[in-house]
Amino acid sequence: MQRIGVFVCHCGTNIAATVDVKTVAETLGHEPGVVISQDYQYMCSESGQNLVKNAIKEHNLTGVVICSCSPRMHENTFRKAAAAAGLNPYLVEIANIREQCSWIHKDIATATEKAIILGRAAVAKVHLNAPLTAGESPVVKRALVIGGGIAGIQTALDIAEAGFDVDIVEKNPTIGGKMAQIDKTFPTLDCAACILTPKMVEASQNEHITIHSFSEVAEVKGFVGNFQVKIKKKARFVDETKCTGCGLCTEKCPMKKVPNEFNMGLDNRTAIYIPFAQAVPKVATIDPNYCMMLKNGKCGVCSKVCSVGAIDYKQQDRFIEEKYGAIVVATGFNPIKLDKYDEFAYNQCPDVVTSLELERLMNAAGPNGGTLLRPSDKTHPHTIVFVQCVGSRCDDSKGKPYCSKICCMYTAKHAMLIREKYPDTEVYVFYIDVRTPGKNFDEFYRRAVEQYNVHYIKGMVGKVTPKSDGKIDVQASDLLANEQLHINADMVVLAAAIEPDKTARPLATMLTTQMDTNDFFTEAHPKLRPVESATAGIFLSGACQGPKDIPETVAQASAAAAKAIGLLCKNSITCNPCVAHSDELMCNGCSSCEKVCPYGAITYIDKEFRMPDRTTKVRRVASVNPAVCQGCGACTVACPSGAMDLNGFSNSQIMAEVDAICK
Amino acid sequence: MQKAMIERAKQLLADGTVKRVIGWKRGEFAYDITPAVFETAEELDRDFVFDDFTAANVSKYLVKESRKEGRVLAFLKPCDTYSLNQLTKEHRVDRGNIYVIGVPGGPKLDIEKIKGKGITGILGVKNENYTLKIDTLYGEETMPFYEAVLDKCASCKSKKHVTYDELMGDDGDILESNRFDMVEKLENMTSQERYDFWRSELSKCIRCNACRNVCPACTCENCVFDNPKSGVSNKAAADSFEENMFHIIRAFHVAGRCTDCGECSRVCPQHIPLHLLNRKFIKDINALYGEYQAGADTESRAPLNNYTADDCEASIVHERGVE
Amino acid sequence: MQVNDNKDFQPLIVAFCCNWCSYAGADLSGTNRLNYPTNVKIIRVPCSCRVNPMFILRAFQRGADGVILCGCHPGDCHYTSGNYFTRRRMTLLFSMLDFLGIERDRTRVEWVSAAEGAKFAATMNEFTEAVRKLGPNRRLEDLRCRKQ
Amino acid sequence: MLRISADKLDALFGAVSAKQKLYIPADRADGEAAFTEYAPGMKLTSRLNTVRSAKDFFFPQTENLVEFKLEGKKIEINDIREECDDFVIFGVRACDARSFTILDKVYLSDPVDTFYKNRRDHGTVVTLACDRPAETCFCQTFGIDPTAPEGDCSVWRAEEYYYFKAITAKGQVFIDSAASLLEEGNAAELDSAVAKTKAVLEKLPLANVSTKNFGGDKLNEYFNSDKWGELSESCLGCGTCTFVCPTCQCYDIRDFDTGNGIKRYRCWDSCMYSDFTKMAHGNPRLTQLERFRQRFMHKLVYFPANNNGEFGCVGCGRCLSKCPISMNIVKVMKALEDK
Amino acid sequence: MNNDTLIPYVGVVTDIRIDTPDVKTFRVEAPEGGKVFEHMPGQCAMLSIPGVGEAMFSITSSPTNKDFMEFSIKKCGCLTEWLHAMEVGQMITLRGPYGNAFPVETELKGKDLLFIAGGIGLAPLRSVINYVRDKRENYGKIQVIYGSRSKDDLVDYKEIIDDWMADDGVEVDLTIDNAQEGWDGHVGFVPNYVKELNPSTNKTVLVCGPPIMIKFTLAGLKDLGFTETQVYTTMELRMKCGVGKCGRCNIGNKYVCKDGPVFRFDQLGELPDEY
């Protein structure tokens, strides 16, 4: 007969305030098989755990039910405690009476009743729990970083520093990401390129780091410690190994009218191009959409001028496969498209720009060589209006519900830089709130207002109208003065909201990680596990997890690296023992289970059975590889004979829970 | 046809191509035919029959027969070949050990329909130009052939043999059938009407398991309903719930695998239209996931073992139909 | 249809929640103190694809008045494809139950992510109310299990 | 002899059903007949027999035996038996009537099955003589005269009249309950009807099936016959024959946990089922051959061995018409005899 | 309404003795004390845990024990596993007694008796052995040949040593299959040991054990000159009702639960070979 111990946690008053824990303990004490039922203030505390451990030893328990917070919180804590007391950790079940009971209900009587039912279900389940032993699987000592922005670079450098090989997959021809496009950084106003490019070079020169630029992740299989990733190396029509990055081809290329995406389309590049001078790898790439040779076979100039013969018009996309122990996602962000914001005339007027475009306009390597000129007529703007929160904190479907976090600070930076360089220029900033929580941030903002006399106006811009004289009429409201304003501006700068890169969503599907509704990756725990995804072995770095500025990004990148290193340090990892298994006597060998297994964990063998009448019969039966199975249970339902079952969540266990709940 | 089949079977036995022949054996009356295995020419001459009553689908017997020593000759009607293909796909038969001769399909006759006309004491049934001449103890009776056709044949889906090693007679085509008419009729009823309909039908169930045991898709080594460890095993329809449970789960387990051979309804001693449950699944699958005919081939993925990212949501059930 | 709100009826709702999204979503709804009725009892499963139709029927047999299955949003399954299979299985199962005349509002599939605590609570409120309106499950109950 | 004109049968049913529950074989929507609780307007079926036999009334497919409440280590037993109400089954054919005698031999032998006896005591069996036997009928093989059925009261139809004859006291009570509707009639008319039926009986295709080669003394001879393999080859192992059979009496006892206690019930079981004799450590009837053999050996050899030569079959022909693969006791008898 | 044999009685487990690693002996009394029902040696009872299952077990205590019944049960399935997990004080249900008994008051009376048992097969014989020990005057010499896989697998070892062996006129010969430390007795299979001991053929034999043991023992006895009419055994098959009605425990026309479980070998020989 089972000897089950029930332990009801008060969680201070978190549970005890709405659930009569004494009654729960008392009632569950009468359940079949329960030999001890106790309540305690904090079961997860050391003394609480000791209570459990002692009871296991004293009463020779065969199963433990903890009525406490969510198993996502402390299941492991109690499993470890049980193991320490000599009980198989998988003989512990948690009844979630906090998150799913005391915190959502108010009436003590009904909440107590529900807590008892949840406890009873856990007792019913634990009756059928079997001791499980976790297997081990080896860890491939190599990491993959997806995204070569500052986050990816930092993560890769840190992992490489620890001595592990790491690959960066970057979809663009160069690493560097958004930071490479930024002019100066707040609040120090140091030059972004000056601090980023050394890191890019370091990454390219590190013997542990392999950069797959102009590449994308095509397929991910496997599981923590042993991911198999297929990487698509897009054809750049230039042999990376030969190209010296001399740039002669880009000079000679006759197709010169290609919008330059590095400069946000504010100027042009050639069809064969190197995104920017410090690009890593510094190799040319041919844009097949514009290259005349690739489009109609007429040109071939670059090939002729290339002294090393690096041009290869016949290059195809290539796929390489590599195994990794850990994957770090660093796919970053983009400003949102402003097509839906007609009121700001972004599509109508070239002098209405986004902040990132302004960065390029002000950058020495930008279209105007660092001189701020209006894109329309290349004249010096005298009045500039900044509009904050374009698409951020937005409750309609046009924008994003969240705060993009970095806009307040970079706008202060922009305003300050403009006032510093062009004191004759008036700068207006329309804001809803100015948010400056960060080291030296508020000081920075106050300097913009106080020292540089930037006009901060709390209010909304209602309409931006280009006028025939080239000026722009900005109609706005000043909420503090409670009046309508019209500003005759030369330029308008929109602080567009940022959103995760579009490649993140399909990537999340491949990685089987979760995303929130805004397509930011969901961390395993918002507070305690902020750089891990819920999927083991997948870590999150930078803005793919949520809006971040550079220091935060770098901090998280290093944190993700630390987590990845922690994993790569291990020679093997403990597998989840809650895996599927097939009862060979019942298996029909029909292959249904194999078809639904996402991991290819099921194979078939011809097995010889000794029949009761002493004959033998060879039958095809399914066999599950426990190291590969991740325990989803899809096979258990696909199996018509019920031969396939799942450890820890067996048919009988779940039905026992159903029965107990419906009692 | 029967004669030609016997001759061909004897040849194949004689030249060693096959060791056994699976077909149909005549019975006491005109209509009580039993699937049987023949091993000698004499047995074939004496007992082999192929006529208007040889409706039984013999493909399920091949699960056992194909694993025995020596090749087995199976005469399969078009609908039976679908079952065999499905069994091949699920690795339940050793196709290589079966020599399939495709023979023309029905329509086959349903003796219950003849008896349902009040005709009793049946001594012989003859088909003369699609009029049945029935010799009975109480004189000769006649009825139109088509009124005595088995339901499964009346809504035949295909006259095409999807697998065979040799064909006797001509191969037919996949037919436009009216097989979903009754399903549709039920769908158009109110929930209460459907409930009443199925209650009156399923409450007749005596849990004899004939539907399951005849079903070529139900070849489990141990059915969940027979396995005490499954937690759902039950022997008798002790409660209306268990009547529902058995038939829902059975239909679900064969969903996407059922070839719509109609044997379940044919053998039900209580005339429960069990095929409607399977057809409901087939109709839904066709409508929601694209046309799919189980057993049409041996490679395609069963609809329940497959998906697309833009499949409809389950809420489609709530959104459609009356009420 | 007869108008009867069954105001006093307390339905029993069994909710199967996948461990990675919906169970976490339910936890989040607790963390945020978002109320939903005590009628809802959650059973944790690794993935919505673990839910066998037999479990759902079992719940109805034993006295549940409504069964809801929650999983990750399509495309977000922790196991890549589990919920896609769930979606097909449950669509067909629910359709079959409807075909047998079982009230279609007693069953539901809802995708709730780990971040959707509010959606979880709202869904449970709404579902409980829908089942309350239907009244006790009579068409798919086992009389032997009826509570006296 | 007492009789009633056919058009007044409704009134008789009405009078009887006013006093106790009355079941008659009536047509079902699917064209088959079934014993149905009488309600005004219900007509007697024209089908010879029902799909399910009349044994259901005394040995239902499932019945609760006893209930248990479990708490901690305690078990409480609750005897749920109740005295059953009186009821009448009208229109039982001679074959089914004989099946009760056979079931009695099992269930009323020591120790008496009180569940069965309770219903047997309270049920009145009114039989109806056959006038249009079917090709599947072979009750004569077992010495049954379908024109003179047993039971508590026998009824014959001749032309437009039903004739009644009480056999037991219960039968007399039945007749008395409708006495006012009955009139004295001419038995000669009945005799000619019976004679006509007897003529048909002689012509039945199975009239020559005989039990002379069967009985308790044939145990080892038939048990070891080499025919079983061939006969059982196509058997699906379903329970149709068993469940439509009026004499099959095997059952299973199972417990059902309702969540609020355990209900122990018994239900029909079939020796054709693979798990019928399965034990934790083996199964004496491993293949369908043994299970198939058991069913027919039981009816043709074991039962007569234990019951003074009486066979466990009444020749109702249900298994002949309902077996999905048309394998049946007649084919088995003929094959076994054919040495 | 009369009692129905299918409706069980409640019994309380008042003592549990661990005999071997997989055999326990349970003492069962009526809740109010005393025996739940009377029986004769060799008869069986249906034990059940409602909701778990019901199965037939031979009653291992002697009818001469007026205080309680005992059941020695080997763990081999769902119900027995449950029974083995029981603690003292647990209620079970039981009904019976079922089946015939060894003919202790007729054929066996006044005879020299030879008991041959293997493993758990001692359970049904123990009832007879203790019965004849308690009514010593009615019987002749008693010899018990008992063997098991190992010393630890000998059921009722303590009782055998302390009581049986101490009795006058009772000879006990033990054997185990394989040599083992701490065992200085006979080593070898039961059938061989029987042959070695060469018991006198005037004895009436009662055999119980695994089928293979019975088969070889019987052959051995025949070699020694015993006839089938001298040898009794007891059978076990799947049973549900216990009263010959549910239809599954028959061997030919004999129902093990009603006509058995005790059969004389000549009777068994007339039945078809289906057990």
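First chain written, first letter: the chains are A, B, C, D and E, and each begins at residue 1.
Simple rule for what comes next: a contact is a pair of C-beta atoms (placed from the backbone, for glycine too) under 8 Å apart; a residue touches a chain by one contact, two chains touch by 3 or more.
For each chain, UniProt lists the protein as follows: C = Coenzyme F420-reducing hydrogenase, delta subunit.
Computed from a prediction, not measured in an experiment: that's the story for all the values here.
**Q** Out of curiosity, which chains are bumping into both chain B and chain D?
**A** For chain B paired with chain D, the chains in contact with each are A, C, in label order.
**Q** Most remote chain relative to chain C, going by C-alpha centroids?
**A** That would be chain E.
**Q** Between A-E and A-C, which chain pair is linked by the larger number of C-beta contacts?
**A** Taking the two pairs in turn, the one with more contacts turns out to be A-C.
**Q** Closest chain to the protein CA centroid?
**A** Centroid comparison flags C as closest.
**Q** Go ahead and note the Å separation of the Cα centroids belonging to chain C and chain E.
**A** 54
**Q** Based only on mean CA positions, could you tell me how far chain D sits from chain E in angstrom?
**A** Once rounded, the distance between the two centres reads 40 Å.
**Q** Distance from the CA centroid of chain A to that of chain D, rounded to the nearest Å?
**A** 72
**Q** Once you find the CA centre of chain C and the CA centre of chain D, what distance in Å lies between them?
**A** Once rounded, the distance between the two centres reads 46 Å.
**Q** Residues of chain D that contact two or more other chains, please.
**A** 70, 252, 256-257, 259-260, 269, 283 - these are the residues of chain D that touch more than one other chain.
**Q** Tell me, which residues of chain C touch at least two other chains?
**A** Residues 53-54, 58, 62-63, 75, 81, 85, 89, 142, 144-145 of chain C each touch two or more of the other chains.
**Q** Could you list the positions in chain E whose residues touch two or more of the other chains?
**A** Chain E, residues with two or more chain partners: 78, 87, 90.
**Q** Return all touching chain pairs.
**A** Pairs of chains that touch one another: A-B, A-C, A-D, A-E, B-C, B-D, C-D, D-E.
**Q** Under the touch definition given earlier, write down the residues of chain B that touch chain A in their complex.
**A** Within the complex, chain B touches chain A at residues 67, 90-92, 219-224, 227, 229-231, 253-254, 301-302, 304-306.
**Q** Please name which positions on chain C make contact with chain D in the complex.
**A** Interface residues on the chain C side: 62-63, 142, 144-145, 147-148.
**Q** Show me the residue ranges of chain A that touch chain E in the complex, using the header's touch definition.
**A** Touching chain E from chain A are residues 1-2.
**Q** Which residues of chain D touch chain B in the complex?
**A** Counting only chain D, the residues touching chain B are 28-32, 46, 48, 51-52, 61-62, 132-136, 200, 203-206, 230, 233-234, 236-240, 242-244, 252, 254, 256, 265, 267-270, 273-275, 320-322, 324-328, 330-331.
**Q** Residue numbers of chain D touching chain E in their complex, please.
**A** 65-66, 68, 70, 73-77, 79, 81, 83, 106-107, 111-115, 118, 216, 219-220, 223-224, 249-253, 255, 257, 262, 264, 266, 269, 271, 276-281, 283-285, 290, 294, 297-298, 301-303, 305-306
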